[in-house]
Structure formats: C-alpha cells, structure tokens
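Next come two complexes, and both contain subunit A; in the first it sits with subunit B, in the second with subunit C.
And now, the complex of A and B:
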C-alpha cells in the first residue's frame, strides 16, 4: 500500500515542473511599466498614458557601434475607463504589459478638475499593483509630457519623481495613503503636484487639494511654502528651511529645521469646537545677515521669538485661506475631533464639510535654534 | 498511530493560523472597524472556552474518538446519526479551503495555470501525507513547519514596523461599540478551536495528562498570531481601506519596503500559506476518512481516502464562485458551529457525567 502512495507521488512530480512552464514569462516577453498617467483628451475622453521601459536602452554594457536607443517609450490610448484604455494599449504592443514595478501614477490637471474618483478602483483591485507606488497631480500639464521629458539624473523620470519627495524633506506620499484619505471620514486628500520649472524640468511644485466628497475633484493648489506648512500640521514633513526677516537685526536669518513635531488639541467650549495646533521645530541657523549674535542668549531668544511669530502668522493665514477659499479639511482636523471626541463626532460627521470653514483654529509655533553653525555673529557685519 | 503532546500544540497552531489570517481578518474589520483586534481577543477567549469543552469531553473517553464514544453513550444508531453533520463538515471544509486557496494562488501568482490543476497538485501532496503515515505524519509535518510559519510571520511584522501609523487605531472602542466588537468576534471565535478536530485527535495521544494545557497553548498561540496580524493590517491600512481588501494581511506584507532593498516579501508569505493549507486540509481529510471508517466499521481507514479524495476534488471544482464560499461561511457561523461545536459536545458531556454517576451508584 505504501508503494502505491509512492507511485502516486512520483506521478505528480512532473506536474510541479510543468506548471512552471505554464506560467512562464521571460523578461523579454514583458513590457515593464514604470509609470501610468491618466488625463482627459480635448474632446473629454479618458486617456491613459504609460512610460514603458526599453531594457536595451538602459543596459550599461559596452555596446560598440550603433546608435544608443532611447531608454523609454511613452504611449497614449483612450478608453471608456482605465482598464479599457490600458487594454487598448496592450493591443498595440508586442509584449505583455507588466505593472508590478510601477512607481508613479500621474493625474493630469484636466482629469483632476473633473474628478478622479472613478479611476481609483482598478489600482487597488489589480493583483499586480505595487503597493509602494506614488501619486502626483500634473499642474498645467499632461502626464505624457512629464513622461516624455528627459531628466538629467536618471534614464527616465519616474525614478526622479519617486525619489524627489524624500530628497526635499517630505515623507513620500504613496498612492495607498491617498486611497486611505479618500476613504477616511473627514480628511481631504492633499496630493503632491509636479509642474514645469523654469529650467524646463518637471519637478515637485507644491500640492493639490482635492474634494473627496465630490468625486475627488481638484479644488486648488498650494505652493511649496504653503504645502510645507500644511504638511507640518499633518505630520508629513521631516525637514525644511525657513528664511525670515528680523527687523530688530535689520536682516534675514535662515533656519533649517530637522526635528519637527505637532500636536492638535480639540477643545469643546459650549458646543463649539475649537482646535489648538501646536507646532514645534528644532534646527540650526545656516545663514545670518542680521547684526544679532546667536551665541548671545538674549539675541538667540529674540531670533527664536521673531522666527516663531512670523511663521505662526503665515500658518494662521494659510489655515484661514484654506478655510475660506478652498473649504477643504486637508489638515485632518476632523480626524482629530473624531479621535478626541468620538461620541460627539457621530453627529458632527455628516456636517463636517460645512463646519470646517467656520472652525476656530488657533496656531502656536515654537521654534528653537539648537545650534548656530560654525560662526557666532554674522560674518558680514561688525 | 501516535501523536505527542508537543505535536498537538503545533497541529492546532499550524492548521488554524494561516486560514484565519487569510480569511478571517477582513470580515472582522468590516464589522468592528479599528477595534477588530479587540474582537480577535474576545473571540480568542470564547475559542479557549470551546477548546476546554472539547478537550474535557475527549479526556473523559481516553483513546476513543468522537464516533466511538458517541456510539457508546447514545447507542449504535443514534450515536452514528449525531456524528453525520461532523463527517459532512470534514469532507466539505477541505474542498472549500482548497478552492479558495487555489483561487488566491491563481489570482496573484499563477494566473495562466488552470485552477483545477492547482487543486490537483495540493490534493496529490495531501494524499501522500495522509496516506503514508496518517496523523503521526501530519503531526511531524506540523512540528516542522509550525515554527517556520510563526517565525516568518514575526519577521514580516518587524519589517512592516516602518509603515505603521498608530492613529489608525483611534478612537478606541467608541466607533464600533460592544455590540459590533462582539459581532466581529463571533466568526473568529468559532475558528480558533478548529472545526471540532480536537474531539478526535486527542484520542491519539498516549499519555493525556497535560492535553488540556497543551491544547490551550496551541489555541493561545493561534489567538496571539491572528491578533497581531489584525493589528498590523489595521496599523498599515487603517480600518476603511482594510475593510475593502480581500486578503488584507497579504497585501499589507506587500507594502514592506526597506531602503528600496527589502521588497516583495509576499513571496515568503506565499510559502507559509502553502504549508498551512496543506497541513489543514490533510488533517481534515485524515479525520474525515478515519471517522468514516469507524462509522462504517471498515477495518482499514486508508481505503476511505481513495473514495474521499475524489469527492473532495470534485466538490472543490464544482464550487461555482466565491459567493458560494461566503454563503457557506455564514451558514457555518450561524448553524453548523453552534450545533456541532457547542451543543452536541455539551450534550455528550452531560450524558457522560450522568452515566458515570449511574456506574458509581450500584457499587
């Protein structure tokens, strides 16, 4: 009887090997997608674009003679929805599209203005989808223009874009975090945006505010500085540089902040919700054009106070602007209320988009100069 | 056939952890949201209580399996009748398990390989494992792969630490409330102790002194691992997204990215998934065959395998789609488990204690 079992097992062995062939896909049969973009065409059709990697173009080997091939290829197709457009794309190329290494999603401004709510589903549903991909909105542009641009460090722009956020001191905003925000009770998504900079390169240029309650539609943009402040409140920034004019010293001071903290306190006073935002930062002085001497305690305290005050004012203005102009809770205040007053939140939840613009928000900024670099008083003045 | 006490611990843990992490986390999160981890703990306590009941009953009938002592207690015909639902469950469960797992592999890994072939491969391995050495082989197998499963899971938790965000767990308790937390704990509670396998496998242990403590330990390990996985899923995705992901733990492992160097750790999860499913299905097939043999008074239980395997294979292929599996799951939690897992064992336990008293009286 044991013999029969052994034979049974041995008969099955070949199957183990053959299944490998069944599903075999050699890399040269695949078209690797490094980035996908979505936009609307002139006549309002959904358009998908893809940056396909051309492996023979990036190979570092010593190929003598012949022209150097492009390292990538950009394709555009239209369709009824995302998958339809991508299927149309597949029908035009000789290799099987493989999205497992997709780093970047780009959303064109035109599509963002119409709303991207209907395009999220396939990216979570597709079993190939990379959970580490990032998402950007293309400000004043189309995804295919970004993909076609020639970056100066990398063979193609998706690598540049996926490394940029970390390089400039932001916590990378992943596509899956965007989905979390869209599904959340109150937080409105704040997507990083790319646009053409003066040196004709596409790079990070602030963030886009979207309205998840209205088809994830684009509401407006924040510039880089405003984004930094907003990301400070949402705890998505790791370091940034502040330059402030100090009137008492008659010049500018630059502070690079590398330890940031934030605390959001919700207070309820007579049925009214009040939000206290307390932001802290520690950093080093990297430029001093004032006649103050940071090694002097009195001057240092003055510098800290002035920079904190100025920053506090700017952030208060930003919060006001977002409340009045965009009316979108990108700061996650609703989530703070949810966490700190869970029972009251149940009734407030439905009315939150209307409550947010009228919310009383107080901002307090505490900046500290931990060190002042290698010099004490400014090298420019006596 | 023998089973040592250490093996019992691993048999319980290996056969439950994988199935529960794969299939029970998302439903619990759908009901209890960010408090699903609490549901798992509450479910764990209920699971331990049910385990206690099953093991207690088995200890009272040393070296006898469910079918033997139910016949002794209730008579030949009624004893057999009462075991019928168990046999059905033990035959249907591996079919469902294999099908849902094969569908999963088909989805994420071998999308060009037909599902029937994937199932056939698993069936082949399980037949080999069960046929060659029965429960002692399964025990040894679990003793081997159980620690691997647990270590792999623990490493995956550690690697995912950089993706976690604590605020996903807030607010604690108030959003779901005790009703939803209890509701969410129901399905896991009925899985932690396994589908009544303890009523049978305890009889294979030669020295059942510490069986109760050991089976509690096995279920305890399972509860902890499932609890920790639920916590990880919640911390990585938050309750809203996790509730929409079918295999949420698997997807959460895909988010691991350490210095753009350690990525795609889901490969390892795939391995332990296979280990777990093989262990689980083999155990059910073994118990189904063994108990059917006992019921039909067939001397050699191995003969039943040749009849049982094709039945299971055909059932697995005939399942139309996953909605049928979801439906069965609901039926399982609402009807099958309360009857077979709690009521019948309780009934048998009461009868046992009465009979014992009667036996004492005449003396």
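And now, the complex of A and C:
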C-alpha cells in the first residue's frame, strides 16, 4: 500500500514540474486595459480603441534615470467585428491584453446611433470582463479622443470617469445595471454621457436614452439637470443641488438635497393606468439671495413651497417631453406596474412601448429645508 | 581534604584486579581496604572524587567518599567530622556505646541518611552529591545528604516574556523547579512522581499533576511512554519530547514546552500533566492543542476584552504568516483581476524591471529571511545587531534599489516574517515557517487552486493529529461549545464556571 502510494507520488511529481506554469502570467507579461471604446470610422467600419496602461510610466517610486514615460497608450484598430478588431490589436502589441481591470467602456455617438446591441456582446460575454465597469456614450466625439485626453488629477482618463459619477452624487451606472436594463421587460437604458466641457476636458454631461427594443439605438440626450430629475425618479441619485428663482423674495435660493426619496404609485381607473410619482427631498439652504428669512417659519414654508412647485413643474415637463419626444420608458414605470399589478402586466407588457407615451403621470414634489444656515437671511437685506 | 592525586596512582595498581563492569549488583564487603579498592577502580581517572580516611581510637576505621564541589563541606565538618574526631560519641538523648552503633542507628545531625550495601547504588548516590561513609567491618555504607550544587539563580523568562505575571522562570535544578510548583499549588493533591531516565545520565524526571483534575488515561499514558524510553542520555526535555510524541513526521509540535512555573500551574489546573526534567528549565506540558500554541502566558491576567482582541490579531497574523507569500504569488500571477486596479498597476509598475519570476523572488527572500533569523540566533550577542543592519540594509534596501527584487515582495516577506514573530509559543512558529515553502511552490504552480490544495492538506493533517488522545484542534473540532468560548474570546473569569476541564 505504502509502496503504491510512493510510486503514484513519484509518477505525479514530474507532471507538476514538466508541465510548467499552467496559466501563470507575470504582471510584466500583461497589457492592462483600462478602457475600451467602440465606434464607427468615417467609412462605416467598426473601430475598437483601447487605453493601455504603461506600468513603467505610472512609476511606483523606483524610477531611476531616463525620462518618464507616458503613463498610457491609446490604440485603434478596425475589423469586421469586435473580436476581429481586438485580435488585430493583440497582434500589434508584445503583451497579452488583460481586460480584468477595465474600468470604462465607451460607445461613440456614431455607433450608438446605429445601435450597439450586437457590438457590445463580446465585451459583456468575455469572462475577463469586469461587470463593475462603467459604460458611457461619447456625445459629439469619438472614444479615442476621450482616451487621448489628459486629465489633471489622474494619470489617465478612465480613473477620472469611473470616479466622477459618485463624486457628483449619482449612483454609478455599472455594466451589470446596463445588462439588467436591457434584459428587463420595460425599462429603457439611460446611459451616462461624456462630452467635451468648456474647459476642454471630457466629463459627465447628462444622459443618453437608448431604445433596447430597436437594437439598443441612441434616441436622444438629456442634459445634466434633466438627468438629475430622471435619476431622482429611478432612484439613482444620492444628492444634488437645486437653484430656483423665488419671485416673492426677488432672488435665487440654492438647496443641496442629500436625503432623496421617491415613491411610484400605480392606479388603475377604468382600464386606464395612472401613475403617481411622489418625490421627496431634504436638504440645506446653501445660498440665499432673496430677502426672505429662512429662520422665520412663515418664510421657510414659503421657500419650501415655491421650490417644490417649481421643481414639480420642471419634472412634469421632463416626463412629458420623454413621453412625447422620445417615447422611451426610462423611468421604469413599467416595472412599477409589474410589481403592483402583476396579473394585468402580463397582458400589458407586450404593448408597453405603445402604452407609455399615453400614460397619465402626475408628479408631486415635497422638498424640506432642514438647515437654514447660520446667516439667517441674505446679508444685503438690511 | 582527602588524598588528592594519590587516588589515581592507587587506581592504576588496582585496575587489573577488578573491573567496573564486574561491580554491578554486588554488595560491598566488610573490609574497608577492599572497599576502597573497589571504589577507586570504579572511579579511576576521576580526579573530582575525594576519599578521606579517618581512624578513631586507633581501631575504628572510616572512609568518606564524595564528589568535590557537590557537597556542603561545612556540614561535613561540623556535623560529621567534628563529632567523630573531637567531641566523641553523642551523649544526648540515648547515649550510644560505640562508633559502630552510632552508624547503625544513623545518629548524625544530617537531614537525610540511608544505609545501602549495593555498590552500584552507593556510587550513584555519591555522583548525585551525597556523602558515603564506609565503616571497617560493616557491610554497608551510610549515605548522608549533604548536597550543595551550584545552580543558576531564578531569573526572568527569556523565551516567554509576559507583560503581567510572575517574573520567575524555571532553572536547571529539578528540585528548585518542583519547589516553585509547590509554592504556587499548595495542596496535597499536587503530585510529583519521580522517574530516572537515561542509562548513563540517569536524569531525574518529575511527572507533575493534580490528583482529581488530571485525566487518569492521559497520566497513565504519559507514565507508560516515559518508562518506555530506552536511551543513554537525556540532556534536555526536547529529547524526551521526541521520544514520547505521537507523530514524529508532523511539522506541528504535539507537546507544549514552557519555562514559566505559572504557565505550568495553569495547565495543571486545566487537568494537564507536566514533565519537569533535571538539567533544563524547559518543562513539557501534555496534551497540547493547536489553540494553546497561540495563547500567551498573560492571556488570563489581562482584562478580557483586550485579550479577546489580541487573540484575534494573533489568529489573523498566524494565517498571514503562513499564507501571505503564496497568496501574493497567486493573485499577481494567476488572478490579477482580483487585486484592486490601482494596486495591480502599482505592482505591475514595480515589477517592470524585476529579472526573476515572482515565485523565485519570493522563495529567494524567504530563504534569506530564514537565514537571517538563524544567523541572529547563533551569533554571539555582541555581533547580533550587525545581522539586523546587514539584513535591513543589504537585503531590504539595496536589493530593491538595485532592481534585483521588487519592492512588494520585500513587503510581503517582511510582513509574513513579523507575523510569525507574533506567535507566543516559539516552538509553535516552526511549523508555520516551514509550511510557507510548500505553499509558495504550490501557489506558484497552480495559483489559488494550489493554495486550496495546501489548506486542505494542512487541515486534514491537523484533524488527524492527536496529542495524548486529545484531538489537536479541540475544542473547535470536535466542537465543544463551552470550550469554544475560550478559543474565540477568552470569556470573563467570573463567568467561567469553576473546574471545567476542557480536555
């Protein structure tokens, strides 16, 4: 028995040694991809771009002599499909492309208008793909332009983009959420968009509406303010600042809302679906240019009422615009109907894209000012 | 005193008459001259054996034999020689008629006396520091306990320091050590059974336990195994340990050693058995469990919340010390997607100029680290600091800046090394240091899968291991909820019910 075990062990031992390092890859054999982009070239060919990190460029404390290298390198290749383009890219570099740390996935506007349903598949399917990566649509631009830009905080743009959403008070829209939205019954994906801002930097600039029922095609863009409202309804925002003109005080008031709530109620009246959206927010007045005194209860109630009304109006306009202009259920009302009227939904869901624009949606906003600030009223009131 | 130097000459003449081996199990004769010859031939070439002949009243001849340096000469002079030579026969209670009678009744003011006839036994007593008095015409030797052996004084424990608790540690003298045990546990239930092990060293070994708390099967097993030891010499308790442990090929020690009387006393109260050995301050404690290897001497002297935290720090560091280098290899070489992106890029940047594969780097540094540790241990104290300077400077700093070793590897190896220092029982850090190497190789071949194989192998081995019938991982496996409190938290003293033996 012992003898047999010995022989088995001796036979197994060379197997371990001679088969070499199985899937061992030293970090210096890998090309780390920080971001991938897809777009169409002028003549309509599929173009993949990648931001490859140059490890020796980001240093790490032991750089000795020689000039500092660029911290990244952008590559573009074309191909028949995505895999072909990526294979072409691999054939041009000396290290194995490793996408496990991909933070950002960019879709050029041109490709988005044509639809990304087919092209994005290999990225989502790849086992190396990090489903916590973020997807952006590049508004008025090409992915490689975004990648080539030099941000001022980070060594390369992908880190900036992946941290930006959280910094401005949004819940990051990750690749897995995109997949969930696309595969859902009713909700249409609302992707964050990136574009060149006036200070010549690429940054978040609102959202892009996609139509998942038609090849995940770009339908239109919402600006930052509209996006905030839309994300408030879909519960994807944690804090934002509202600046509203209050006619009674003759000036603007800014409110930073950091406690956000929403409730969507679905009512069925005579076969008609009615949706009540109730949005709540609590926050602090951070700027008061009016002659109202927030420490005075009467004035405070007035301020709250005015801001709520104004916001309510804007959101109603937004909902209407989305219903009429884009006809895309980006607010997830369909899901609410599904949850609250599961039986009726079964018949309704097939016709939902047509039902959505005709829905009667009422929006109610309740804002509360918690802290009125130390200087009770605007200084120049006196 | 004595006839120093002459003994050698006398012995040479007598060496062919009787041989040492011939004396075994023989009784001494009545002729003092014959007896002297016998002993001189037995102790030939031994300049430290002293012979002193006395003649009283021109008739009674006495011969005193002792080992110079092991006896208290003051007692010999004042309690034995003076009464015999000047003061005459004792005239106190019950006068004696003759010197012979005085011997027969053992009338000497010495604490312990004994009459022995067997030559072998007499010689053994002489060698242990007793005085043998032979009387002409009597077939026995009177042995008087006048031992006075130079020993090291009781000092701080060097190997097991504790912030709080007794400063005493055992010495090389068994009697001093058993005294310390008696002082702590002043109960007649404390039993100290004595054994002699080793054909030549005849080392005194004491088995200490508390009657009523100790589990009889463990005690019997200890005694049985101790009695079964067949060897020439026991120089240290470590030799006994190797003779009585169960799995010799296991990297894990199955017997705890301690040089602190308070630790031994605490173990006895838990129902364990301690084995004290003459000649070494290290006592053995059985049975041992995995968790007792991770307990510090003052765990029970500090307040429980702090100890609970420190224990967890210890557990985590124990895991780190074994697995950190292999996990580093597996993550960077096989599963880079599991490392946070910024960290991975940093590691990649630092590895950019490294000439060796990560596995080789780690093995090299681990090897150097083990070498440094051994060098620091063996060097004379005066050059000790040099090792740390050379180690820190050359291996840490220079190797990195020369680009031979990448910086993260130094961090990983150093952290693993420090983690192995946190283990309170020094002997328990050996298996952890050893197991690092196979794990590094496994993870270098198979990545996390290899580590998983390593962990399973170690766990299976630990589950299989027993120390004197006690499962090594108890009370965790097999599960004993009451005992678990002491492993996970160290329950507050008041809440621990009296006398719960976890063994």
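Heads up, the rule we're going with is that the second predicted complex is superposed on the first by the 362 of 382 C-alpha atoms of A that agree within 3 Å, B and C clash if a C-alpha of one lies under 4 Å from a C-alpha of the other, contacts with A are read in each partner's own complex, and residues count from 1 in each chain.
Criterion: contacts are C-beta pairs under 8 Å (C-beta built on N, C-alpha and C of every residue); 3 or more make two chains touch, one makes a residue touch a chain.
Here the structure is a predicted model, which is why all the values come from computation and not from measurement.
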Partner chain in contact with A:124 - subunit B first, subunit C second, else both or neither: first
Partner chain(s) touched by A:98 [first = subunit B, second = subunit C, both, neither]: second
Subunit B versus subunit C as contact partner of A:132, first or second or both or neither: first
Touched partner set for A:56, first subunit B, second subunit C, both or neither: second
Contacts of A:28 with subunit B and subunit C, given as first, second, both or neither: second
Overlap of the subunit B and subunit C footprints on subunit A, listed as residue numbers: 16, 22-23, 130
Interface residues, subunit A side, partner subunit B - complex: 1-2, 5, 8-9, 11-12, 15-16, 19, 22-23, 124, 127, 130-132, 176, 179-180, 183-185, 335, 338-340, 342-343, 345
Footprint of subunit A on subunit B - complex, ascending: 107-113, 117-118, 120-121, 124-125, 127-128, 131-132, 167, 170-171, 173-175, 237-238, 240-241, 244-245, 251, 254-255, 257, 263, 302
Subunit A-touching residues of subunit C, taken from the complex the two chains share: 332-334, 336-337, 341-342, 344-354, 357-358, 400-401, 403, 407, 444-447
Touching residues on subunit A, where the partner in the complex is subunit C: 16, 21-28, 30, 32, 34, 53, 55-62, 64, 98, 100-101, 103, 128, 130, 159
